[in-house]
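To keep things simple, chains are lettered A, B, C and D as they appear, and every chain counts its residues starting from 1.
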Amino acid sequence: MFDLCVKNGKIISSKTVLEGELYVKDGKVAAIAAPGSNLESKNIIDAAGKYLMPGVVDAHVHGGYGTPERETFEAVGKAAAAGGVTTVLEQPLSVPITVTEEAFLGKKKEAEERFCVDFGIWGGLVPGHLEDMEKLYELGAGAFKSFMCRCSNYPTTNDGQILEGLKILAKFGGVHAVHAENDTLIQELADRFRAEGKMDAKAYLESHPPYSELEAIQRYILLSRQIPGAKTHIVHCSIAEGALEVGRAKMDGIDISVETCPQYLALCEDDLYEKGGVAKCDPPVRSLENVEKLWELVKEGAIDLIASDHSPHPFEKKVVPENDFSKAAEGVTGEQTMLPVILTEGVHKRKLPLTKMVQLLCENPARRFGLYGRKGALEIGFDGDFNIIDLDKEWICHGKDMYYVNKHTPYDGKHMKGAVEATYIRGRLVCEQGEMKVEPGFGQFLAMKMRPSI
Amino acid sequence: MFDLCVKNGKIISSKTVLEGELYVKDGKVAAIAAPGSNLESKNIIDAAGKYLMPGVVDAHVHGGYGTPERETFEAVGKAAAAGGVTTVLEQPLSVPITVTEEAFLGKKKEAEERFCVDFGIWGGLVPGHLEDMEKLYELGAGAFKSFMCRCSNYPTTNDGQILEGLKILAKFGGVHAVHAENDTLIQELADRFRAEGKMDAKAYLESHPPYSELEAIQRYILLSRQIPGAKTHIVHCSIAEGALEVGRAKMDGIDISVETCPQYLALCEDDLYEKGGVAKCDPPVRSLENVEKLWELVKEGAIDLIASDHSPHPFEKKVVPENDFSKAAEGVTGEQTMLPVILTEGVHKRKLPLTKMVQLLCENPARRFGLYGRKGALEIGFDGDFNIIDLDKEWICHGKDMYYVNKHTPYDGKHMKGAVEATYIRGRLVCEQGEMKVEPGFGQFLAMKMRPSI
Amino acid sequence: MFDLCVKNGKIISSKTVLEGELYVKDGKVAAIAAPGSNLESKNIIDAAGKYLMPGVVDAHVHGGYGTPERETFEAVGKAAAAGGVTTVLEQPLSVPITVTEEAFLGKKKEAEERFCVDFGIWGGLVPGHLEDMEKLYELGAGAFKSFMCRCSNYPTTNDGQILEGLKILAKFGGVHAVHAENDTLIQELADRFRAEGKMDAKAYLESHPPYSELEAIQRYILLSRQIPGAKTHIVHCSIAEGALEVGRAKMDGIDISVETCPQYLALCEDDLYEKGGVAKCDPPVRSLENVEKLWELVKEGAIDLIASDHSPHPFEKKVVPENDFSKAAEGVTGEQTMLPVILTEGVHKRKLPLTKMVQLLCENPARRFGLYGRKGALEIGFDGDFNIIDLDKEWICHGKDMYYVNKHTPYDGKHMKGAVEATYIRGRLVCEQGEMKVEPGFGQFLAMKMRPSI
Amino acid sequence: MFDLCVKNGKIISSKTVLEGELYVKDGKVAAIAAPGSNLESKNIIDAAGKYLMPGVVDAHVHGGYGTPERETFEAVGKAAAAGGVTTVLEQPLSVPITVTEEAFLGKKKEAEERFCVDFGIWGGLVPGHLEDMEKLYELGAGAFKSFMCRCSNYPTTNDGQILEGLKILAKFGGVHAVHAENDTLIQELADRFRAEGKMDAKAYLESHPPYSELEAIQRYILLSRQIPGAKTHIVHCSIAEGALEVGRAKMDGIDISVETCPQYLALCEDDLYEKGGVAKCDPPVRSLENVEKLWELVKEGAIDLIASDHSPHPFEKKVVPENDFSKAAEGVTGEQTMLPVILTEGVHKRKLPLTKMVQLLCENPARRFGLYGRKGALEIGFDGDFNIIDLDKEWICHGKDMYYVNKHTPYDGKHMKGAVEATYIRGRLVCEQGEMKVEPGFGQFLAMKMRPSI
């Protein structure tokens, strides 16, 4: 007797789109069966005309820990559930930053109390805390982040420190990830523009040129090459050329991955000019030509995964203060919109195969960050995390419908095609038609289990 | 009520190795369920301690059509079944060559009568028959082969003809594949060695230098780049550098794949000197260093698939006549040994993950050659083709145990680890412990269904 | 007492443009002195307002030996002198082809009798004559040509034969050169176009696509890599991408050079459509974009030398017969116009430095083909071969003013800037304002002295 | 009537080695004439059996301005003259650093009073002084140096500042040059080694790994690509791979050059272990394998020029203090030994052509740094700066024979082959057999005349 059966739908995996029945028992996928199998089950859901896909694993979320005016675990968890994301990986840029055991445990405690989706917690590779990483790893932090450039509330890690950190991580197998931009290139440009009185969105874009990101990626790859066993990752790559550099490194056997985000696939420079601070992120959105090149790379598999980099700020901080665009807070919201944007811009507009979508949003992030085995696929024994999708449903995105503390989105007013009808985690309905069905605290902590590659 | 249940084994897919139960109904995979599900089934097999894997899809088989002294469909089919291969793709180098509707239908008829495993049939892209390809494609030939160098019984196709052929294939989506060697480089070297009285195995190797293969691969890639929508494939690539060239082309978005064979992964030059004609194939086996580089590429995924290139000859033709090694027939047997060799040399000796093995032997060849959906994976609705594997069983390979018409193998006397216990096709036991359980003619014809990429 | 002094001019070398006095004695450069040195000299020429440059060394000339209806040594020699070319290197595509001692000596004899400029004679690397090369080398043939594609009166040399030939040449240091086009690509395209009734200039261009040249260059470079000590050369490269491939090979230490021709730097597709057969050459002229890229490479030094590939035909053979452009004879005239075209299109229009011009037209061809020490520069002890140039003189080019047997030119009507006022060879005035001052037979034979690189 | 004639010698230029007579008048090369010309001259020198070469232009000299305990212009000038160097380019790492008009003029004044060879003066591109560069350029500083890593007495310039500086330089054409090492990689390694108690020469080498230099070169090239018209240069490149990166950038049309030094061509790690602080320089000497690769690149022309990076320190600062090798002063002496080392290790030991030597030591540095026209070659009108060389003379190098303030050299005891017999500047004998023939102050200031490339 199974607990739950979803029948009559099409099940999307990273390999196939099949008509079939999905069975869950004790929160785990317990069977996949041919249509008409009608195995005995306590509950039966009819997904006729709909698609089932594994729950999205969002590897890059800023959940607002310590800065409730930006976001809260409760809010972002609801947004995740409403957007088909069943697992979020919290980034370490909280208050305090997640680089000590104490900070990690504090964050974990609050997350366990407030998240309604499952979650993992990243650590950080920052100066002064290299030796803390192993402890955090034991606690379940499988990935460690560094900023190559400055960041308001997170220490910059220089090349030498990154290299030392990579040596330490290679011993136990943790993944290292960087925000790759060249700090001084950006600062000098920004200072000069400011001195010239140029402080608008265009000046912002031009002071964050593609080459400042490319340089950092190229440099980081060179570092990655030096440490046998290093597992490295580039977060929110905004430029096609950067992903190509990663591809070349992979051909040499380097264990490196690259992520992009919906904002780099759906927005371009004109959107920044039009939408202003709400669309400001770092790296910034790029040219339309770059958007199309990124999609090509996404379709070819040259980009490993897509994450939201959900990074909200109060609306007043996104408004350009004193006509100085550089002072608008950086980071866009994206948790609730990630999957719909990929369905709309990818699947419908650019023929992104559904299987490829599942690789990018579910399987690959779960694999890269040590969750595969529980998350990322609807395989026997995996958690029963899935979405029921109405692939052809058309709707308009509105900021007010977001669960975020700050209800803005760069996609406000956007015509979407493809909607999440219902989201299940461990076999339990957590959200249906945008309405929450579980309480905060339903979410469970996930340790990221890496295996050392040396 | 399912027809068949295999329980207590570990199921290997291209993504996971899971404990689970496999259910078959009407020849198709009907359910995969968690251990202990115990769904109702007519027959139950206990695979405790064993592994289940999808049946191997061998994309490169010379079945001996028209040359029964070399091989027969009956014999090679049995060898396939005994070796865990449930689908074979017949190459067009038969008598007559498979480049006309008549030849295709004649071969298909005999195959349907004599094969005990499922099969597809390649066509050929050869001068004078470019216009026949579309008809063959309609009949089910999804892949078309050309020789860039001379071959005793198959016409050479020159670069211009290849390019014209690629244009035609791009219209309906057929895959083109080449035997990539530079003919004149080989001939000139061979002629000179012969003139110098050098006719031993060493002269043979030196007259087939790695660069003659690399040159042809490089040239073929350049051709592939010219035709939008071309799908191309390099058969039996013996050199690591060749696979790297293919990898570079893929990064540019070219739809090209590359195959290697067990003989290039398990044999090297010294084996040729020791075993003589029995180990002679074309391209020849290479250096030990190259073997290890190929394995690295196999593990990294730079090589798409492994096929046997089973190409037998009567033993007397493999004996070196008149002390002239070049006169020994080219081609090694490999159908029955392919999977055991990969288990022994790959899984056990070089830590090839089982999931990666399934990609290389099952999923990728099925995908590339239009069989995915029925073959290559144990997904719901796919054919119930699988092997039960004893991963740790050790045994000695003997030529006399082969089902081939010509019972020789370059692995004679080799210590193997990993054995095929039983092979099922469409839910039916076809071979158990090397004993055939079905009659010739059990095998079914498979049309290769490609989709045009333009 | 010197024999000759040229004073008041500016002397162009490959390194500098200097005011100075040039002194010749016994046919050799005997002194270069500062202006006003006024050393004692029998004859004094005032070159005030003019430039002196070394005589041009044209490494690629089809002098018409055995085909007087195409060209004669007497005519082409006069054209050379009138165009500032003081040394020509005769190509082996004569009747008979220059691949035997007899053919070489016959050609040499006629050349000595009829040429009014100095000359060297290439041999050929063709099947059946590999063993003749060493003898020809001893006789003074330092360079050996092969066709990778078919040619009406010269055998094609296949890859294997080229490789064997390179091994032989490496022993004594001869340079090998190829006409690099892929034969079958061209033939198949041409056949198909013909079958489709497309036989105009556009069909001709499209049946000789850039990739057919690129493929052959790429293949030839791979061959060059195999033979330590090989010195190789690509004649009349028409595509920028081809020169870039050569550049990459040089970075790996390969001793390879590349030549382009005025027709690829001054003419483009539209010229072919406009001028018809008179502008038909092989490889054909390319796109305007390619022209500009070639100029960039010329200026950067990525192209080693410029040669005329003077290859005349009777006018009636250049007229398109039966509306089939492919039947028009291939090859353009270019001996008399080479230097003026480079002055006009390079020096004046694209700021090609005069020093770079001397490298491309004088020093580099002399170095590459074993004449440096006598030819290619106005160094002490070198032959007193030079031109007096009026850099700013403007004039119109007319076919009727050519010394060729067939007085057509693709530059007919072209506005030129820069003119050869007088040409001296070994200190002797050979042509002044287009008027010949020496008799046929004044020209001397030059042995090409190579040094083996292994 | 010429002032000076050198006859019977062989004159080496960048193109040829010729028997000839060199005539000087009013300090300038006034004629080059064939042997036996015997033009009238006030003084005649018989160089029978000897070679004449242009005076060496050493583009990278630390003359000790403001730090007389390290070096003085008088001493280094004498060393230069004794070593065949007729022009030195003073680096800006003086006290004060040469980044202001005042500092430049102060240095120029002292140099004019104390140098006995001709000299130019570099400026610096350092933070806070970008706007001073144009003024320095007008004063004659054609090249501007930055440190990408820290340096004891010279500010580090970050990537952003370099980019801004390149924009400024591109306006008037100055060359920018960097010391390319990644600072934080070195510091982190050094700190860790120190923490582990590793402070010997090996730790020093390992804390300055080749990749820290390669990274900086790669990064600098990326910066160079961003600014049209930028002219960039990498000083003292110690690694072959770095020069290859520069070569790749050149193929893309980037105007970048690269220099190496005798210490990287003649010394390797074992020398550092053996000789200690006297052989310590930054970047450090590398592996023997790298030495040979560098020589290959030097011979192929992939390295543009060789400079001494003469950078002396008092002997007591070169002695390893407190057993901490990192505290030994960095920089080796090299002014007086540069040419003999290249003659010994290059010309004699590795068949470096004499013409190539002249390119690397004379012509190329003069060209790159705006002195060509006066320096770098023995062309008419150029300064009469030359050396008479006894190519086969063998001798032992001794530190005590150096003119340096600090008479140590890493070549102490080295067997040399090839000696400078006499050095002339502007036609005047300045040093003969190591004995000075002019007074301090004979040297003249040279403005470096660049032309903007945009």
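Operating definition for what follows: a contact is a pair of C-beta atoms (placed from the backbone, for glycine too) under 8 Å apart; a residue touches a chain by one contact, two chains touch by 3 or more.
Every value quoted in this text rests on a predicted model; they were computed, and no experiment measured them.
Visitor: Quick one: point me to the chain whose Cα centre is farthest from that of chain D.
Guide: It is B.
Visitor: I'd like the Å distance between the centres of chain A and chain B, where a centre is the mean of that chain's Cα atoms.
Guide: Each chain reduced to its C-alpha mean, chain A and chain B end up 40 Å apart.
Visitor: For chain B and chain C, let me know how many angstrom lie between their CA-based centres, rounded off.
Guide: Each chain reduced to its C-alpha mean, chain B and chain C end up 52 Å apart.
Visitor: Which chain C residues touch at least two other chains?
Guide: There are none in chain C.
Visitor: Which of the chains touch, listed as pairs?
Guide: Those chain pairs which touch are A-B, A-D, B-C, C-D.
Visitor: Quick check on the complex: what are the chain A residues that touch chain D?
Guide: It is residues 158-161, 163-164, 182-189, 192, 209, 211, 214-215, 218-219, 222-223, 225-226 of chain A that touch chain D.
Visitor: Give every residue of chain A touching chain B within the complex, in rising order.
Guide: Residue positions touching the partner: 11, 13-16, 18-20, 23, 25, 28-34, 37, 39, 244, 247-248, 250-251, 253, 296, 300, 302, 363, 372-373, 377, 379-381.
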